[in-house]
Every structure is written in C-alpha cells, then in structure tokens.
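Okay, so chain A shows up in both of these, paired with chain B first and chain C after.
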Partner chain A sequence: MDEVVATAKYETPQVQTKEAPTFLQIVKKTARHILLILFSVITAFPFLWMLVSAIKTTDEIWKFPPSFWPAEPQWQNFIEAWNSAPFGLYMFNSLFTATAIVLFQIFSAAMMAYALTQFRFKGQKFLFASILAIYMLPAASTYVPSYVILSKLNMLDSYQGMIISNAVSVFGIFFIRQAFMQVPKEMVEAAKVDGASHWTILWKVLLPMTKSSFLTFSLISFVQMFNNYLWPSLILKSQDKYLITMGLRQFFIEGGAYGIKWPLVMAANVFAVVPLLLLFFVAQKWFIKGINDRGVKG
Partner chain B sequence: MVTSKYKQFLTISLFMLPALILLLVFWFIPMIVSLFISFTDWDYISPTFSLVGLENYSSLLTDKEFYKVLVNTLVFAVFTVLPTMAIGLALALTLNKKIAGSTFYKAIIFSPWVTPMVAVSIVWSWIFQPEVGILNFLLSSVGLPKIDWLGSSTWAMPAVIMVTVWKGIGWVMIFYLEALQRVPADLYESAAIDGAAKWRRFRYVTLPMISPTTFFLLIITTIDALQAYDQIQVLTQGGPAGSTRTLLYMYYQLAFEQFNMGQATAVSTLLVLITALLSVIQFWASKRWVHY
Partner chain C sequence: MNALSLHNIDKYYENGAHAVKGLNLDINRGEFIVVVGPSGCGKSTTLRMIAGFEKVTNGEIKVNDKFVNDLEPMKRGMSMVFQSYALYPYMTVYENIAFPLKMRNMRKDEIKRKVEEAAEVVNVTPYLKRKPGQLSGGQRQRVALARAMVANTAICLMDEPLSNLDAALRTGMRREIKKLHQRLQNTIVYVTHDQVEAMTLGTRIVVMKDGMIQQIDTPQNIYEKPANSFVASFIGNPQMNICTASVIKEGKQVKLLFGGEDLTLPPQTADMLERQNYVNKDILIGFRATDVLYEEGFVAEVEHVELLGNEQHVKANWNGQQVSLQAPSSMPIDKAVSFSINLDKLHFFDSDTEERIC
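On to the complex of A and B.
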C-alpha cells in the first residue's frame, strides 16, 4: 500500500501534500509528539509531585530513593492540613477580595474606556498617554507612598484597603477601550437616536456587544488578584485577613522548613493550585483570547 | 449652547472620575512622592526628615553590594528571558502545524501561568530538597552528584531561574503561536519544501515576519523579570549570601525590613528608569515595525 502511494507521489509531486503520509512524515510527526509529550510531562510534573507528596506519610516522603505512588495513600492528609491552619478563612479572604476587586475594576475601566472612546475632549491624548506610561512601570515603585496613603486613610490591614488600592486596572482600561473601539459607530448612534443616555449606552449597548472581552478581563484579573502576594503581604498584617498565598507561605515556614509537615504543606498547596487549574481548563479559550488580544503581562 | 457644553464636560468628568481618582491616589501621586522620598533620609518611624539631595543615589552607586545586586538582576533577567523565549518559540513552531491533541498540549504547557507563584515555589522547594528531593534523585540516578540547590550561592540563582522559566514558557508559546498564524500563507507556498529549503524558509521568511513579536516579547518578559519577587521570597529570601538578591528584592528589604525609605525609593527610581527605557524602546520600535 505504502509503495503504491509512494510511486503515485513520485509521478505527481504537485499533489504531494494531499496523499497519505510518507514514512518520513510519520517519523517527523512522531518526533513532534515526543517533544510535546516531553514538555507536557516536565510542565505537569510539579503538579503531580505535589499531589502524590500530599498523600504520603512523613516517613515515606523522606525516603530515598523516593517512591512515586505511596504504599497507602493518606487521603486524610487533606483534612488534617485544612484543619491545621485557617485555610477556609484564607480562601474566603482571597475569593472575596479578588471578586470585589474585579467588579470595581470592571466598573472603573468600563467608565474610563467609555470616556476615552465615545467623547472627544481637550487633554484626552495626554490622559491616554499618561495611562500608557504607567502601564509598564513596576507597581512596586508605588508601594512606599501607597502604604503611607492607606495608613492615612486608616485602611491598613483591612479588606477595604486591599480592595480600593487595587480597584483600578490599567490593563483593564486598555483592554476594554480596545474592545469598545471595535464596536461599529452606527450601533451607538442608533441608540442615541432612540434617546438612550450615555449610562444606558455603556451598560445596555456596549457591554453586551463586548461581553467576551469583559469575561476575558474578569478571568485574568481574578487569577492575578487571587495569586497576588507582595502588596497584600505588606498591607494585611493580622492573620484573620491573610490571603491564601500569605497563609500558604506562613504554613510553609512553620511546617515545611523543619521537615515535620511536608505532606501537609503539599496538601495545603493543592487547595490553592487545583481550583485555579480547573478554572483554567474550563475557561481556557477566554484566557488565551486575553493573550492574543495583546497586553496581558506575563 | 453654553449649558450643553457644560453638561458635556460634566458627563465626561463623571465617567472618568472613578478610574481617575484611583489612578491619582495609587499611581500618579505615589510615583511622584516616591521620587521625592528618594531625596530624603526618611526612616518611616520618625515624623520628620531632611532633604539630602542625591546622597541616597551616590551612596548606592558607590556601594559594592549594589553592583552585586545589579549583576544578579541582569543574570536573572538574561537567563530567564532567553530560555523562555527560545523554548516558547520552539514549542509554538511544533504546535503550528496540524497535530492531534494540540489543544491538550497547549493547555498543559500554559497551565502553570494561572497558578500562584507562591504555591508553586513551595512545591519546587520540595523538588529542590537536597537529600531526598526528586531533582537530586534524578541527578544521582545518572551518576551526577547531588546539589544543594537553594543552599548554595552557586546553584540558588539557577534554581530560581528554573522555576521562573517553567512558569513563563506557556505564555510566550501562546503569544508566538498567534503571531505564526498571522504570517500570510502565500509566503510559504512560494517556497519549495525540501529539507534545506525548510531551514531557509524559517530563517528568511518566518523569523523576519515574527521579529516584531520577538522584540515585543523580549521587552515585556525582561520588564517582568525585573519585577520578580514571589519566587525569590519563597525559595531563597535573596540568599544565600545575597546570591539571589535582585533590585526589586533589595528595594523590598530596604523599605519594609530596614525602613530605609530614602535609599529604597532611590532603588525603585532606578528600577523605574530601566523599565521606562525598555518601554520607550519597545514603543518606538513598534511604531516603525509592522506587526504580522
């Protein structure tokens, strides 16, 4: 069969690509799969290792050479880890602040994007250029004064402080502005003729037409806020305000450094990592859209 | 007419107000204040401070430790950015052809990007564990000596780099894939498809076509590398012996461990200047370079 195909190909090279694959093509394809499988394994390995380490006993985790699968999976490690520190509270703090922040960011970004795309006014270019300028700059360079400002507002160590100091997203303004510029002018004009106010046009015309951009932005920003560590660790000081990232590090220092509770430390990591991985696998295409539409920083 | 103009002004202002206030309070004003603090000797605790001119900068620039930090930052940036870009591009090229399971591969390789750096760094610190860690097990199983990854000033930096590259490859890959898909197909068809021609096609067609993307990614991932903190904090806290102390980590230590706000903000000003320079280069280049 292969021979026949090969001969046919030799005679009509112009249809080469439409024929059944040659031996060389199969080899190449296999090589590509091997490369991709290799990288997938390397990428996924730390996650797998986290999972299997979480269900080992302390004795087993310290064995050398290490075993891959535990002799007897210690599923109760998850319960024990969950009860060794207020992880429920940490999770709540992260989910609550991240959700509130995303809502505020959507509001402030959509309003600003509306002003930037639907009006012409003096200083508009300057304003946009200024926002553009801070887009790339390291947020950390604002931390000392922002810390002082928050303390003056009496908002250190509070949800309010965490939320308000993150309530504007420069990336969000760009992303939503970009989306609004894609909406045909006629749609907005038609709504105006119907007597719609700017407020109505923004939320009832533009928002529904750019839903996917809003969704993408929400997902990416949510993940970034959930994973946020440096700034929250500066402003949230009491343990009952800790975000999950801060709680994990705290647990790691207490339990991991002396090697006593490594399986529990790994189990605790599972709480933070697995929900995000699931969210990503469900909503993959929206994340990827965010990168393809430009601008999401690594 | 006047009232309608006034009304228009009011409407625009109201729409801009939420973002504008927040931008002013948490971005613009802090940036300026930070610059101002860098000319003072403020220690956060005392209510007074005095202006010291450029002293914070000159003491930084004459401090040997600062140059060590600068070199660390450079090493971290270069050895994070180059492998991330090269591997990301290689994977994108592999995935750019029709291949079964490409969505699955893409998802797996991208997935670390969504996970918290703090959590995955903790996992990696277990992988790096010197006596029983899986990485040293792999090394010893091929006859290599065990390495005290996070405890040696030689290997701590490569370890931090490894984690950073692992987390960033997927992002670069997705970005490159999109760029490759925008390379016009007819440019390919005009080229012959034998082995040697394939390399030439890559070298003279694909590579130049995606060069604006390469440049964009180069700048963005460098800026990102300059801001790395979480993995350093979890894995090494800047150690051992300052071997993983980068500019941003030094800033954190000066400001929030030593409360030397003047010197800390001087470091942050330098960081801003470096980042601004890189952004300006990117902005300037993107105006002169067509993106495909």
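On to the complex of A and C.
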C-alpha cells in the first residue's frame, strides 16, 4: 500500500501541490466555521452555565456583569445538594423504570415488527397504517385514556403502572420493522428450512442481524424515559416513587426554595445528567450510526 | 413411492401473474432433478413452493406420499442451498454448519462430529473459526453446502447455487455437488438457468417455459430428442438452428424445400412425415451446429467467427436466416462457407404447435 502511494506521489506531483484557495473560498470557509462555532456555543452554553453555576455562590449567580468562573469554586454544593433530598432514590427509580421500559419496548417492538414483516395476513397494511397514525398523535392526547385505564387496573402511583403504560413504543415498532425489512429474506428462509421456529428466527437470526438498530432504539428510548417528566408526574404521587425529573422539580420548590438556592439546584441538575452523559460516552458510536443510518431525529 | 410429487400445481401471485401453470412432476428417491429455463419461467417459484416459502394456489405437493401444502417450511424436513449462500454473518463457519443440528436439539459432541465431517468433505476445515465475511465466494458456497449436508435430509433444494461464482469455480463446484450427491444418495431438486449445469448434473432435467413444463427427460434424451422447438433451441450451445421448410413429394421421393434449396429425405423419415400428413405442408426443421459436414453443398455468408481454442463458432447468413455452425479451428474460414447437413441428425417440429414430429 505504501509503495503504491509513493509511486503515485512520484508520478503525479501536481496532485500534491494544491492550488492556493481564492479569497472567496477563504471567506466561505470562515463564515461556515463561525456559524458552526456560534451554534455549538448556543447549544452548549446552558449546559456549561449549569456546570459553573453549580460551583458558584448565590451572589455570584446574580452578579452583574456576570463572571464565568467563580472566585472560589464551591465544590461542597454537590454534597449539600445530594444530602438535602433523596436523590439516590430518585436516580434509582429513574434508572430502574427506564431500563425495564426499554426491555419491554424492545420485546414488544421486535414481536410486532416480526409479525409485520414475516407474516402475511389480512389487514396487515391497515394495521401498519394504524400504527403509523398513532405515531402522529400528540402524546398528551393519550394521557386521559391511559390514566383511566391505569386507575381501573389499580396501577396508579406504582412502578408497574409507569412501566406498563410505556411498554409499547410505536416509534420502536416502526424503527425495528424498517430494520427487519433490510435483512435479506434468504437469511430467514434458510433458518426456516433448517427447522428454526419463529421464536428462534426472531431472536437468533433477525436480532443479531439488526443489532445496531436495537442498540440505537434502546439508547433513544432510555434517554426519553430518563428525561420523561409530564406523564410520570401525573401518575406517580408518593415521594418514594419519584423519578429524578420529578425529584428535581420538587427540590426546586422545596430545597432550592424557588430559586433562592440556585447553586444547589444547579448541582442537583449536574448529577442528574451524569448517567446520560456516561451512557452517551460509552455508546456514542451507536447513537451516531443509528441516526445516520435511518435519518432519525431524536 | 415418490420422494416428492407435484400434481396440477398452479401459482397465481397477488398481482394476478400466473407464474406456474398445471405443473406435474414425480421425483423418485435419490434422483438429481435439474429444473432449467429462462428467467421468469417459474422454476424458482416451483422450488419455493416445494420449500414452503410460497403458497400453492391450486394442486398438491406430497413428500413421501404425505400432503405438505399447508406445512410450514420448518416442518417439511428439507435442506436448501441459496444463490446468495444465506450464511449468518455473525456466526463462525462452525456455527453456521451446526445451525440445523442445533435446531434439532442434537447433543454437542454429536454436532461437533458431524460438523467436522461435513467440513472435511467440502474442504472448509481450516476456516471453521472464521466468519463468512472472511471467506471467498467459493468457500462460502462450500459452507452453505456443508450446512445443507449435515442436515441429512431426504430432499435437498438448490436455488441457482453456483450463479454467483466465476466460471472456473463453477466447474469445480459442479464436480463437488455431483460427488456429494453420489455419496449421500439424497433427492436433489436443483434450479438453474445454466444448461451446462443442467446437462452435467441432472439424472433428469425439467425444462420450463412460461410457467409450464416443456419436457422431463434424461440429459441425453433432452439433447437428442427435444420435445419441441423451444427445448431444442434452449439446450445446447450454440443454439440449435431452426428454420422453416416445406415437405414436398416428387415421384416417390419426399423432399424438404427451403430457401430455394432441396434435400431428399432418407426413406424412414420420409415415411414418417408422409404418414403424419406433412406432405405439402410447412414444418420446422432443426439441426445442431455440430451436425454439419464441411463439403460442397449449401453456401452461407460468414458474418462472425468466434475462435474458442480447438474449435470455432461461425455465425452465417444462409438464405436470409442466421445459422450457427461449429468447425475445427484448423479449418480456414473466409467470406463464405460450404456445408451439408447430416440428415440422420435432423429434427422435425410441427410449424403450428412447435412439437416434435420425429
């Protein structure tokens, strides 16, 4: 390989000597970079502001003109915030319900997608169209019927209620169906002829063939569920069932005393996003791959 | 008892296409049946119906005299080799070959023994730990063969298994498949569009066109006694030359008249045509490129010559009709070629039905 490159260099020196960029090209490139930097800063600024505010004093937060870095970083804010509310429990509740929901959603989406792609039955197109139609519905429009159902099942204010009411993801069905459709049909046929049952084909052939889609969907869904606020706040009432999102809100009202203790609120926010940041760092390859592959927007 | 029987099979697709029309086929145990035909003739659809991937619209499929129309593919007890190999990319070669055995809940040590044995037969033992992505096309197809082989089913289906390989590999793999069949003695239904594969592999060949069977016979009979002009021109390379001729009777002699030339037919053929009332009628005659003698006789204008080492294929214009001739490469070919047709090797077809007369 090196040899080939060397030969190419020797034989075609003109490839190596780039023409100097024109003035217009420089301007375009600079403008592009300025725009990108601007948008990056706008996107990242609230996050950065949260980080630095967490180690400021209340006075420093309200100071005008504001300073970016505190005179003396207040690292103890984190400990104080953590101790002033049961954040550990909230975090556990969120992680536990989000994980359970994702597992249920993967299971239901895979089963449904299998039926939609591998079986031929009457009303199949109608069924898929209905699923898509439900996807178009605003989430809030399902709150009342879902609330009524949960209350009749006696599942309000419980983990089960939270998990079951989110156990099926329409987006997941659609996403996994698209992935299954990409699998060459010979793969499934080969498994069938070799004696594999539908169950085996789903989990031992289709799942490994579409692993990246399953991972991407799991990540997207996990983040959504971890950040979910409105629906859990409608069905969960006892403080020991609170998710981190609700816990933060509660802390803002009580411990944070409606913004009087901003540094503590900010510190609490910081450790609330830590699990998601960790997840993103571990799995960013899949995030980006999934979004690029299927044109999904969060 | 037939290993596999197809009776009056019809297949209509949802778009109304009539892919297979009234197909009847009985396959004996241990036979190597090759279904051959041009694209869209219904051969793959037939195979997919046997496998259970396509529903049969009408008719019945029986395996060992048991009706299997409604049986799911996994319950039909067949194995299959696909054109695209259909190996699982995330499994090693060993796991791929072991898959059908695992599905049968076989013991681990038994699986190991069988996989190693099959790998040995198709020469993939050194690659057992590799993934299919690290193998060449030929090696992948060997793995697919091994997977079908370990399943040890009475019926093995093959859907154009060699189409993705290059010419040299195809020849080698053809031999392997033939050897495997001789060794396992199972029933094979093999679909291809390649007539060379059909001729070299099949104990019987099924020629299909437009969803209908044109002929079922041994390779030799298909070649020597094609049932109609389609089979005649489809099997054999170069294609059989088919032209229209008139049967006339001059005195006691029955002659063929075409393009201003005439040929006196041997008494036996003449009798046959006369008995079947073809005198003073048009018929189709066919002769193969190899069944000509290069001597004084007909003269054709040479249009194109292809030299293939020890022989050459000549495309020539003979009375406005293109004919293919095969000549030794040592023979000098100029602008025109003189030839005569070996009358014993002439084929006669009805001009309306295109069916064989004699």
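In this text, the second predicted complex is superposed on the first by the 251 of 298 C-alpha atoms of A that agree within 3 Å, B and C clash if a C-alpha of one lies under 4 Å from a C-alpha of the other, contacts with A are read in each partner's own complex, and residues count from 1 in each chain.
Quick note on the criterion: contacts are C-beta pairs under 8 Å (C-beta built on N, C-alpha and C of every residue); 3 or more make two chains touch, one makes a residue touch a chain.
It should be emphasised that the depicted structure is a prediction, and the values quoted were computed from it without experimental measurement.
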**Prompt:** For the three-chain model obtained by superposing on chain A, do chain B and chain C clash or fit?
**Reply:** fit
**Request:** Quick one: name whichever of chain B and chain C touches more residues of chain A.
**Result:** B
**Asked** Given the touch rule stated above, what does A:V102 touch, chain B (first), chain C (second), both, or neither?
**Response** neither
**Request:** Considering only touches as defined above, state whether A:G195 meets chain B (first), chain C (second), both or neither.
**Result:** second
**Request:** With the two complexes superposed on chain A, say which partner A:V205 touches: chain B (first), chain C (second), both, or neither.
**Result:** second
**Which of chain B and chain C A:L264 touches, first, second, both or neither** = neither
**Message:** For A:E186 in the superposed arrangement: first (chain B), second (chain C), both or neither?
**Reply:** second
**Message:** In the overlaid three-chain picture, which partner chain does A:F226 touch, first (chain B) or second (chain C), both, or neither?
**Reply:** first
**Message:** Under the stated touch criterion, which partner chain does A:P46 make contact with: chain B (first), chain C (second), both, or neither?
**Reply:** first
**Prompt:** Smallest separation in Å between any Cα of chain B and any Cα of chain C in the superposed model?
**Reply:** 5
**Message:** Under the contact rule defined above, give the chain A residues that sit at the interface with chain B and also at the interface with chain C.
**Reply:** none
**Request:** Using the touch definition up top, name the residues of chain A that touch chain B in the complex.
**Result:** 16, 29, 32-33, 35-36, 39-40, 42-44, 46-47, 49-50, 53, 61-66, 107-109, 111-112, 114-115, 119, 121, 127, 130-131, 133-134, 136-146, 148-149, 164-165, 167-168, 170, 173, 198, 223, 226-227, 229-230, 234, 244-246, 248-249, 252, 256, 262, 265-266, 269, 272-273, 276-277, 279-281, 284, 287-288, 291-292, 297-298
**Fill in**
Touching chain C in the complex, chain A uses residues 184, 186-187, 189-197, 200, 205, 208-209, 211
**Request:** Please name which positions on chain B make contact with chain A in the complex.
**Result:** 8-9, 11-12, 15-20, 22-23, 25-31, 33-34, 37, 87, 90-91, 94-95, 97, 99-101, 103-120, 122-127, 131-132, 134, 137, 141, 166, 168-172, 174-175, 178, 193, 220-221, 223-224, 226-227, 229-230, 233-234, 248, 251-252, 255-256, 261, 264-265, 268-269, 271-272, 275-276, 278-279, 282
**Asked** For chain C, which residues are in contact with chain A within the complex?
**Response** 51-53, 72-74, 76, 78-80, 82-84, 86, 88-90, 99-100, 103-104, 147, 151, 157
